[in-house]
Amino acid sequence: MIILDLALMLITAYFVGFIYYGLYRNITARFQRRIGPTIFQSFYDSIKFFGKKEAISHGWMFYLGPIIMATGAIMTLFFIPFFYQSESFSGLSGYGNLFLVLYLMLLGPLGNAMGVGVGGNPFGVMGVTRGLTRLFALELPFYIAVVAIMSISQSADIATIAGSQTTINAFAHPLLFIAALFSFVAMMGQSPFDVVGAPVEVYSGPASEFSGKFLSLLMSQSAIFSFAKLVLMVNLFLGGADGFFELLWKTFVLFLFVIAFGAIYGRFKTPQSVDFLIKVPTVIAIVGLIFATAWGN
Amino acid sequence: MFATIKNRFATTDIEVKREDLYKVVVQRDAIFELIFMLREQYDYQTLNAITCCDWIEEEHFAITYILTTSDRKQSFMVQTMIGREDAQIDSLTHTFEQAEIMERDLHEMYGIDFPGNQNLVELSLENWVHTPPLRREFDTLEFVNNNLSFREGRDGNMDVKKEMKRLRALKKAQKAAAKKAKEEASEVSDGN
Amino acid sequence: MRVLSLIISLLALWGVSTLFGSEAHWQIDMGSFGLEGVVIGLKATALANFFALLIAIGFFSISLIASKYKLSKGFYALLYLLLVSLFLIVYAEDYLLFFVGWEVMSVTTYLLFSYDLSREALIKYIVFALASAMSLLGGIMVLYSASHSFLYTDAHQGFIALSATLQVIFILLMLFAFFIKLGVIGFHYWLMDSYEQSSDFFTPYLSAVLSKMGIYALIILLVYVVDIHMISGTWLAYTLAIMGLLSSIIATFKAVNEDSMKRLLAYSSIAQLGYIVTVLSMADGLGGALYHSLIHTLVKLLLFINIAGIIYMTARSKFSELGGLIYRMPQSFVLLLIGIISLAGMPPLAGFASKFLIYTTLLEGGNLLILSAMLFASASAFLYIYKLIYGIYLGHPTSKRYETIREVPLAFLIPQYLLSLLLIVAGVYPGIVIPYFNTILKELRLETIPFESYTILGSEMASYNGFVLMSAFVGVFVLILLFMLSLRSKAKEAKDRFDIAYCGEVPDEGTHLHYGFSMGKELKRVGFIGVILRNSSSVFYDYISRQLFGFATVFRKLYSGNLSFNFNIAALFALILLWWGLR
Amino acid sequence: MKWSIDISGTLSPLGILAAMMQKPNTIAYPAVKKETAVGYRGFHTNLLVDCIGCANCQDVCMNDAIDMIKTDKEYNVKNSSQCIPRIDYGRCCWCSLCTDVCPPDSLKLDEEYLGVTQYASDFLYMPKDK
Amino acid sequence: METNKHITIFHGPQHPGITGNMSVELDLIGETIQKATTHVGYLHRGFEKLVERRTVIQAFTIVCRICVPEPDPNEANFAMAVEELAGIEVSERVKYIRVMVLELSRLASQCMWLAGQSGSIGLYAVGQWAIADRDLILDLFEELTGGRVYHMYIYPGGVRRDLPDGFLRRLEKVLNHFKKRLKEYDNIFINNASFKSRAIGVGIVSPEECIKNGYVGQVLRGCGIEADVRKDAPYLVYDQLDFEVPTAQGGDVYARALVRRAEMDQSIHILEQVIDKMPEGEIMVKMPTHRKFKLPKNDTWVKVESSRGEFAYYMAGDGSEKIRRMQVRGPSLVHAFTLLEDLLVGAELSDVALIMNSLGICPPEIER
Amino acid sequence: MDEGFLKEQQVMESDLNSETSHKSSVDFLMDWFRRRSIFVLAYGTGCGAIEMPPTFTSRYDAERLGIRGAATPRQADVIIVSGYCSYKTLRRIIRTYEQMANPKYILALGSCTVNGGMYWDSYNTIKRLEDYLPVDMYVNGCMPRPESILEGFMALQKEIGDGKISSWQKYEDNYAFYRKNQEAVLGQTVAPAYDADWYLYDGGL
């Protein structure tokens, strides 16, 4: 039963994730005054890469890197319940908690970093270094916000947090939400924090060496992972969802915000983005935390 | 200014090409002194370009230094001749930083040596072993024919002049033949 | 000698395990030796047993690699002496024996260091060790003045009897002593050079076990003397929390910038011990502290033994001189990977369990900012963790020699395999040590950790199932792997390590492609991290030492080299003292 | 790293979002075709009734792109060489010097420009007769 | 530099962050550049040799290829040099048309820069718009000259075609469109906080260096020095037109961006004047055929202001129908080597594309 | 001899299904996806690169057709050789091409790739690209308009969709020929030695 549930979660995340990426490309295209590709374009790309006749590998660790990354993404997905009340689509969330999810989110990138490192491409390693540097910066405000939310709900269980919001947290604790949103933009790799794969700077970043099926796996995991992160944000701040429709529109609104943010601002340098993240959102988050603990309880 | 330069350096008159462009040809030994003087006394602070022109008939390269004043309104072309064989002239890098790249360019294209320039490595070409390409004796078409091949299938090209001549001759011949035939005919008719 | 050390380590393991639950107790009244009312004793409490186990595991691990090092008999003798002193510290029931053990430990460590360390590093160590010992002695004396007993059991009474000022002085003296041993940031001046220069054989022990003595001492202080139940909200709690957090954050960023493997790991030790110090500021935090001590011991043994193997094979210890060893040393790579995953606290390995316990404790205690800061430090650690593995194993070899180098000897691999097995088991069954911790906590009359089954760790607020986690992870991983293998698209092996996408250019032997040194250098440009990286406590200590040196030069001038003159002066001093004493 | 709070600089770029509502710039090529301007320098045409086979075009072409060839067709009587130009589009640069020097103005550039092929040999081009 | 501590990477030629086909070899510690070495030659075709083989008229078609993003200054320079050597005087109308072509091409080139500069900080929307706007100018060019990119329009002795009917009206329409758009670009790009934070204080050049090392164009004007060939040594009819030479202070990337932005305004201003003043007249003087047209034995140095700065030709004739020597001295030569290599030392990898774009380096004109 | 480019029209219009009927359904599907998604390597090798921005940005928006840029050769399907290749560039193009993963395609723009173009007598450019690399599609023009480039892409897409193009196969099969030509102009330094036998490699995971 649980296997079926997990499979359904995975399939949903895969397709919704790719359609979101299609929408992302379409909407970005509209911002750029052009028509843009079909909504399934990212999906086509991914299948095409799976079907490439060959993929260049640099040894077994290189082979395993993307697989670990995909595993990390799928594991993250499995430990985040889609709905706060339903038995189905709750995956393994009964066996885990928010701390576990926060750490699982880091597992994939670190695993992939091994693959990138063994590829021997200096651009890839630079991208990874940038990613890890950005990572701790974006985690600081995010963690403060999440810790505050956990403290307010007196639980680290995601479904409980989602279900316990009478007023959704985004309105009840707007400062925490804003701080987390900044982090979330960075987490989704959007401008101005898109330093990792910035093509004009570090070539293609961590993906520099990946071709064919590896690249496709990375694309797929990115789609799944993005959806997982969106669901997590919805659960933590937007009161969770009780049905697919609610989940989809809430995630989409969040996604749209991220896209718009990315279209408006140019890219920061890595030190700049770190500096920004550990100043502005962090201060907002700390103020939010103080408000939340002073008045929330 | 003109008088000073004329008296001290010049081998020819100072040419006023445009109101913003002068030119003087000087001896090879005097050229740097002149450049320094222009720079120090007459505000020609920028080295715009170093050009070279290959006068193969006269067996020399004409090296021209083009200097511009700091308000960028006047330019001065200072030219000197150096021999084509074993061509070399001192580097200007100690005075103008940008001379390095210009000299590097000329070194590659003409094979001129600039003692004092530390960085005379190849610029545009890679692994070039032939004659420096901008020297007049280097025939680029011949080089191409020797080293590369063009696409086949362009046969059928006619030399139009020859063809015209041939056609004209043919026509003439035809005409002559016709005339002859006519004459013969008339002769025949006459004969008749 | 090597066999002997192995036998001794096995004996130690056996001995410690027999003491488990035995409540062995030995006490002697020193009255018969002319010290009225002084009782000293040894007691195998559960807590002591736990730390004794760590000592024994550590000793066992390093005795396995001893065969690869040419160590003199004196070294071994000192090592055994050190072992004895450590057992003395943990089994001591009173501060007198504790102090004796502490002092013997410091001195034997000094002597062990003297084999490898430079003069400067040695002086740094001994000055700090003596300062630590003196401060400890002072603290014990202050306490004794009130309790008139050295026993831990009487210590709390004595502590309460102290005046408020003396209480503060006592605590400060004790903290100073322990912080030096722990290398809490600001007191770590001695630590870096000692870790870097000490023998690779000894560093694992230094980091994994000797530093735990500081933790043990701190626990004794907090539990028996101060009473950990009353700690929350006191200035002591804040001091511990802040010092611990500062240690974790600062040391983390300092570690990123290091070029030497051992220095990086030394900073990592400081950072990890910082977590423990922080969590000890809470009454409920002891469980997490114990768990983290266990994991840290295992991980640091694993990591230091691993890099000892690397240094053994390559004779290089800097990231800028290593690189690209993965396909030459795949086993070491995987073992180090397991180590760093645990160090980072990544699920599904055991590192997550201890961090999780700490986090839930902090969350339940409502220490939200501390929790956030700790999460932040933990996330920042990824950078140096990645640097560690990248610099050694990934990227490009910086020397042609590494293209033909062999896997490290079995002697290095065996302890790593054992340790990583422990880490994996503890990852799958995170609750496996909880019953034992609960006996310790019960013994100390502290709240126990909720225990459901071996696979589940956590409380009502948050819990996770290690077994499900691991099996899901392995399942997903295998499924994706099978999927990738079944695809028609074949992975073509790159023919050469230089076959990389390099903007159309072709790198060769002469092109520097190893990023090991560079990693993390950009952090200098970030505001507060730059401040951390540019400044160092060594500035302060260097200043002090310069002042002292200047002062000493003045004294130096008194010594003219004329023996009789100096003898005369000494005699004069003696006379003055004699007169003062007789007066 | 310096950055400072810059309200107008943060808010003014929001104008990008307005583009969402505007008509895209795109010419959806295969469906919508933009007319080339009158006088676009596309493929060559050669009005055979005017061509006099003078080879001026061949002479002026610095790319050696023009061959004067004979075909089976009959040309006008004024064609003194009975040759017409054939253009190698592996050489041509569409500079239109050949059309400038054409005495009867028979060689011209048309507005057509599409040429896509898998075979390089297809690039020998007989100008259309128009 | 200590071995093993730095890494060497190539920025280009196959790299999205490079302006054209060139490369910069960078030695980095972290992402801080310790040493930069420019490599060019990927586009070397030997123009100077090819020109020597061709007659003057034949050579005219080839020069526009020297700088791909902005071919017209090359054509103008070539035509002016030939006219000066051969002593040809062109009509007023030709001069006005040439000014129009040059300014349009400057505007198009600045659009290209806008795209590159915004792309270098990842603001892709601006780039997409700017390229589409540039296409409007290319449409005008297509109508005027028959070619989108390579116009081959400015002929020694005049221009090749007269203005089509209603061309000036359509030009005016495009200019009005541009005026509207430029305000948008101000808002979303020049004034964008993220661009400011990236560009201010990056890639600083001092005025003294500029004068000494012969930096031109926006680099010079970004240091507050008012220098423009159109003002300093007016060619064509620039002395009859009213325009300013915009300058900015600071000498950094942002100053150069401001200068370029202001130049776009000036170009539009000049074009509007050209529309008003366009005189009637001949568009071409009578020219001999290409085998007959001979240059005297003489040499000259002509320069125009391209969108990146002073663009100069040295030309020498030898009495035959061929050019003896034509040397191209584009602004990029010194910018790409002396200036870029200087500026990059100490900069970060992220700044490379930004700085390169702000200098407007165009590789084909470096190596010809 | 045809008038104009009739051949090109034939290629685009002819029905080639008869030849591809033996394709398995997976192949058919894969070809369809390959056709729908084309990643173009970001490498402006020559002047044609100046028409890439309009093609790929909002005016002509190649992304509509599933064509988008890729930063590194590992991710790219198509490399556009936009005009002349100097020797120095050719070396990089070969290197980059060999780093791309199969199947891969080459789109050649402009006259210069066919027969030297206007640089036919230049000492530093190659004249016929097909001697050195297998070209899949030529686009006419100097330089080709964006419409032409799109047309080239569409022709390429059609060929890919029909599964007809296998130029990479041709390159591997005739590697000795290409290698000889490459070495003739570039010398022995054409590509590093390890690439010399990569085409023999068969296997992997």
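By letter and in written order, the chains are A, B, C, D, E and F; residue numbering begins at 1 in each of them.
Definition applied: a residue touches a chain if its C-beta (ideal position, glycine included) is under 8 Å from a C-beta of that chain, and two chains touch if they have at least 3 such contacts.
Not measured: the values here are computed from a predicted model.
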{"item": "D-E or C-F - the one linked by more C-beta pairs in contact", "value": "D-E"}
{"item": "Chain closest to the assembly centre - both centres taken as Cα means", "value": "A"}
{"item": "Identity of the chain that, by mean CA position, is farthest from chain F", "value": "C"}
{"item": "Between chain A and chain E, centroid-to-centroid distance (C-alpha), Å", "value": "43"}
{"item": "CA centroid of chain B to CA centroid of chain E, Å", "value": "24"}
{"item": "Chain centre separation (chain A, chain B; CA means) in Å", "value": "62"}
{"item": "Chain centre separation (chain B, chain D; CA means) in Å", "value": "31"}
{"item": "Chain A, residues touching no fewer than two other chains", "value": "29, 31-35, 51-57, 63, 122-123, 126, 199, 203-204, 208-209, 212, 263-265, 269-272, 275"}
{"item": "In chain D, residues with contacts to at least two other chains", "value": "1, 3, 13, 16, 19, 24-26, 28, 62, 88, 90, 93-94, 120, 124"}
{"item": "Junction residues of chain E, two or more chains touched", "value": "7, 9, 13-16, 31, 41, 44, 46, 49-50, 53, 61-62, 125, 128-129, 132, 150, 188, 192-194, 197, 348"}
{"item": "Complex contact set, residues of chain E against chain F", "value": "13-16, 20-21, 41-46, 49-50, 53, 61-62, 65, 68-69, 112, 115, 127-129, 131-132, 134-135, 138, 148-150, 364"}
{"item": "Residues of chain E touching chain A in the complex", "value": "7, 9, 15-17, 31, 118-125, 128-129, 132, 188, 192-195, 197-198, 348-353"}
{"item": "Interface residues, chain A side, partner chain C - complex", "value": "50-59, 61, 63-64, 67-68, 70-71, 74-75, 78, 92, 95-100, 102-104, 106-107, 110, 113-114, 117-123, 125-126, 128-129, 132-133, 135-136, 139-140, 143-144, 147-148, 150-151, 154-157, 203-204, 208-209, 212-214, 217, 270-271, 274-275, 278-279, 286, 289, 293"}
{"item": "Parts of chain A lying in touch with chain E, wherever the complex brings them together", "value": "28, 31-34, 122-123, 126, 191-192, 194-195, 198-203, 263-272"}
{"item": "Contact set on chain D toward chain A in their complex", "value": "1, 3, 13-14, 16-17, 19-20, 22, 24-26, 28"}
